[in-house]
Amino acid sequence: MPSNEWLTITVGAVLVNNIVLSRIMGICPFLGVSKKIKTALGMGGAVIFVMGIASLVTSCLYHGLLSVKLNFTIGSLKVENLDLSFTRILVFIVVIAALVQMVEILLQKFSPILYGALGIYLPLITTNCAVLGAAQLNAESNRGILPSTVYGLCSGLGFALALILFASLRERLELSRIPKAFQGTSIALITAGILALAFMGFSGLVK
Amino acid sequence: MTILLAALALALLGLILGGLIGFTAKKFAVETDPRIEEITNLLPGANCGGCGYAGCADYARAIVEDGVSPANCAAATEENFQKIMAAAGQEAAKRERKVAVVYCSGDNHHAVHVALYNGLNDCRAAAALSGGGKGCRFGCIGLGSCARNCPFGAIEIRDGLAIVHSELCKGCGKCTEVCPRKLIHLVPADSKVHVFCNSLDKGPEKRKICTAGCLACRKCVKAYPELFNAQGFLVRARDGANITAEQVAEVKCPTGALQTVESHANLGKGKEGAA
Amino acid sequence: MEFSDKTDNKAPVQPAGQSAVRLPEAGTLVLSSSPHIRTSLNITKIMAQVMLCLLPAVIMAVYHYRWNAVRVILLCMIFCAGWEMLWCKVMRQKQTVRDLSALLTGLILALNVSPLLPWWLCLVGSFAAIIIAKQVFGGLGQNPFNPAAVARVALLVGAARPMTTWAPLPSAFQHLDGVTAATPLTAASQSAAQQASLDLYNSNEFLWNAFIGNIGGSLGETSSLAILIGAAGLLLFGLIRLYIPLAVLLTVTVFVWIVNQVSPGITPGPLFHLLTGGVMLGAFFMATDYVTSPVTHLGGVVYGIGIGIIVCVIRIWGSFPEGMSFAIVIMNALVPLIDKFCYKRPFGWNPVNAFQPRRGEIK
Amino acid sequence: MNSHHLPLRPHRFEGGIHPADGKAYTTDGTIRIPPLLEKYQLVIQQNIGVSPLLKVKKGDTVKKGQQIADPVGNISVPLHAPTSGTVGDVHDISGANGAPVQAVEIIADGKDEWCEPMECYPDWRNTNRELLLARVKDAGIVGMGGASFPTHVKLSPPPEREIDTLVINGAECEPYLTADDHLMREQADRIITGAGICAKILKISCVLIGVEENKPEAIRALRTAAKGQKDIVIVPLKVRYPQGGEKQLIYALTGRKVLAGGLPMDVGCEVQNVATLAAIAEAAVEGRPLIERVVTVTGSPVADPGNYRVRLGTPVRKVLEWAGGIRKEVRKLILGGPMMGFAQSSLEVTVSKNTSGILLLGADEVRQFEAGPCLSCGRCVEACPMRLLVSTLSKVCENERYDLADENYVMNCMECGICTYVCPAGRPNVQHFRRAKAEIRALKRRK
């Protein structure tokens, strides 16, 4: 793979097509866990981790099972050219959900502080469109296993970056005299909108 | 055929993953008491801290794990209170409803201003600076630290005086903590008459700085010695004394410091335009 | 032992009672916390001074674009003030238009747009600046993003065509094809894309014209000279420190120089990038906006470097020809983080309390 | 350490400002001696620490300089009668910082007779240092620069602390005030003697006197008085507020930084105010207790501003009468200087041991606080001599986030008022910080 392409994948995933600010995915945890930089850091780490693993596992599944024509016999049943790629969304959902569940249980066991900080948002990653989206985008552009994992990690990094940036802004907003009508989620959405506008400046960096 | 196989494959996948999750859940399970969550949901969720714990969830944990009485929560409704008692497995107990009372009637029309205060809109900050503009060093400063700290919006600053809306007050006691003059007290909700003055100054001194202070003329004590109690230059209603509005009307307090909670809550009304 | 004076005095007893001299009356004295004296500088004065410093740029804009410039500047200022008044009215809060901050925002916005901008886009831009970028955050002092930069970004993204339609410059550098119709930045990036020669943009003649303002562009972007005069004014009034603008300008210079060394031909030289587009205006008047820039000097340098890098990246490799306002808004978003990491330690602070200055020795 | 190790130029502390100093009102002239009053209201607790115990009762006759209150414990100083007469009532009057304080009335008999004088130590160089230290305490001397901390406690540091330098504060960086300036000009020999006594008590030799450059006469007078004493060095300092701040002064003169939360003795220094030194000299050499001090009466509304040698317990009303009253409307009455003094609402407040000035400000000089929005312009951050992030702190305190305020070192604030002076938005920063400090202290106490 030429180095240029790696640049496209990484810079593209982190800045240009930032999964939150450009693709508008994973808004729920983006708004929910961005009140404090500390929790944002934890959440960002969790997302990088989950996205990396999910991308790895799903692309393995995709390349190993779903995108190949299957030929096998079960007893008398002879199956030829079975193409299961249309089930990929279902399979991804199930696999990712199971994966996150396990991460959650392990986290609760081994790092109760992080678990307490992430609270109800870990299960949110379960059905998070950002994680699923990364897997789906990998499948769509037919990336290999390694590029898929890198893309997943970088998307997670992009998510974490946006989240931390946003959390620091919200920590500052907490000290502002925001009119009552705009407090809370509404000002968060406006801020996110302006941030997304600014990130559009990066468009065209990677073709 | 393909559909069938696909469904079969998915089912198989589900089965494997389900088994895996089940295994991890068993293997790495962490015990939590479900009652904590239940009680947290039953508590009002205002996180006022009136119970002495860091928020409702913390209090719920203390109720379940340390066996603390739920009666410390003044804000929970009676119904929820009973449910919490049941959930925590504690004996039923009676809770006395308390409300906050501001022992001062020196609004801008009654208290004399000896200086102009310019600075932070906060009673504690003003208290450190001669106590704002009013002359009385015991009375309400009127900058509303209590009102801002009330989690239930039960205190209003009207005409430079804190007024408690007792129907909204849950008796959490936050206001009594923040008041630098310590003139907000929690009293049983059924005692409706108080001497609304906090000044320990001598009568003539008080007269110079406030027209609504208790002058300790003892008119009320003479009429109803069993209901009132003079302490130096200040009269207080006795604890548990059940004083009626009629008795107040009969005593005819010369400055109006002795009054009902209702009339105190109506202080400054109708004058708002002038203020 | 004798001292030179005697303090033991026999003085007549002053009689008690009221004296005739006038004394302060009770009840008229103000109680307030120290300090009791204050500077005469206030927010309105600061805003007025900044506007005064923008005057050279305004004069150049009017000289170049005549009535178009007057129209856009007046419209933006009036609309901004209007939105601010309307907001205060609707939200029933104290009227804040008198602090002149809305007018200043309008002026900076006007200097950031094309002289041919239709009136309704001025209205929309002013809305974005005053309402969306400022007032919903709580008004002056609370906004995390520079209002004028946000408005420009919004207009650039939402209405690219009117924002990049430039008026032909009556007095411009006529013998450069295309330069009068498009901004030099657009023309240069097009030339670079077609791998044409960029020598024109590095010529002394072009750069001189860019410096004094004989090129096309947004109202305030034409003349670097006018901006520099204004910047001198800002420094003279003591309104800004040089940390941020210098960091921006130096970063742009160094970055472009490095790019030119590594892969020549993809972009004109550093001087071209400094003198064209909004770098000067942005560095001196927008990036230095008090509210949205870091408070410490170190933070200001980090912030300036960030702006410099982002603006170069967008200009050289991005699809927008100009990236100053994008860079400013992105770095605005980073300011809370910068403030978190670029703090000052208090006087006498020490990580380990074990440190004790050595005794008996004066450094 | 010898004086020849001294820096040629004093160090420059970070931050600071030079506000319009208003010293011209009272620079000229000499210290005036006001007439005797009929009544004095002597505040009983005039020192930080434990209040002394009154030992006279109503109707007792007292002589000038007679001890009328005994110290309680070590961190306490006695109190002396400002004139001869009879003791009157004890009652509450308003104190300098607003809270009511107990005061005893002394009704003058007009004779102004001294009591039995204390023993004098004109030959203090050969006097036992314990005797001198005891005299400092018996004379009721406290820090007269404003802190009013008992001086004898300051002069007896714990033995494990090694003190090598006595730093004398003659900076008088507060605008408007010239009391120390006049004291230095007229009683330079007393100050130098006081410095010598302190140095002897502390068993050190190096004395550094910092005086701001705008007091050339004072510098000259001190140099003349210190002639021949090699260990006493007068260092002219740049005119910059808060040059007289304890930590700033130590840094300027010695280059040592007192750590946050630390005391001057941590870096081997001891700071005394010139007025305190003069009082020490008076007590030791002439046997006179502290019963009067120099007070600057100034401000544009004052008809005849000047410096007065005022007896303790004199009501501000009387002092203003001596100064000819006012000639225009007054908006503020301040005890102390304009940067750190306390605004008063009453003219009945009395002069005490730490009252360095009585300042009146007219309506045109007082700008109201507005609690405007913080622009984060950074002027306060640049000017803060303690290097605090004032703009952040101010916002944090406004939102009552005292946890964040503590994280941002609000406890290091010395309330010099610079951040508030320079703020274009007119935010009452100092008041924010005072409140935050009080809250944080209360929180820590509860823990």
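Per-chain residue numbering starts at 1, and chain names A, B, C and D are given in the order in which the chains are listed.
Please note the rule applied: a contact is a pair of C-beta atoms (placed from the backbone, for glycine too) under 8 Å apart; a residue touches a chain by one contact, two chains touch by 3 or more.
Bear in mind that the values here come from a model prediction, so they are computed numbers and not experimental data.
Ranked by number of C-beta pairs in contact, the top chain pair is C-D. Distance from chain A peaks, on a Cα-centroid basis, for D. Chain centres here are Cα averages; for chain B and chain C they lie 48 Å apart. In terms of their C-alpha centroids, the spacing between chain B and chain D amounts to 43 Å. Chain C has its Cα centroid 37 Å from the Cα centroid of chain A.
Of all residues in chain A, those touching 2 or more other chains are 177, listed in ascending order. Shared interface positions of chain B, i.e. residues touching 2 or more other chains, are given as 114-115, 118-120, 125, 129-130, 133. Looking at chain D, one finds that residues 98, 343-346, 368-369, 373, 428, 431, 434 touch two or more other chains. Contact residues on chain B toward chain D in their complex (touch as defined above): 114-115, 118-122, 124-125, 128-131, 133, 137.
Touching chain A in their complex are the following residues of chain C: 91, 132-133, 135-139, 142, 144-145, 150, 153-154, 157, 310, 313-314, 317-320, 323, 326-327, 329-330, 333-337, 340.
Chain D meets chain C in the complex at residues 1, 5-7, 13-14, 19-20, 33-39, 98, 108, 110, 112, 114, 122-123, 162, 164, 175, 186-187, 189-190, 193, 247, 254-260, 262, 266-268, 281-282, 285-286, 292, 301, 303, 309, 317-318, 320-321, 324-327, 329-334, 336, 338-347, 359-361, 365-369, 372-378, 381-382, 385-389, 391-392, 408-409, 412, 415, 417-418, 420-426, 428, 430-431, 434. Chain contact summary for the complex, chain B toward chain A: residues 2, 5-6, 9-10, 13-14, 17-18, 20-21, 24-25, 28-30.
Interface of chain A with chain D (complex): residues 174-175, 177.
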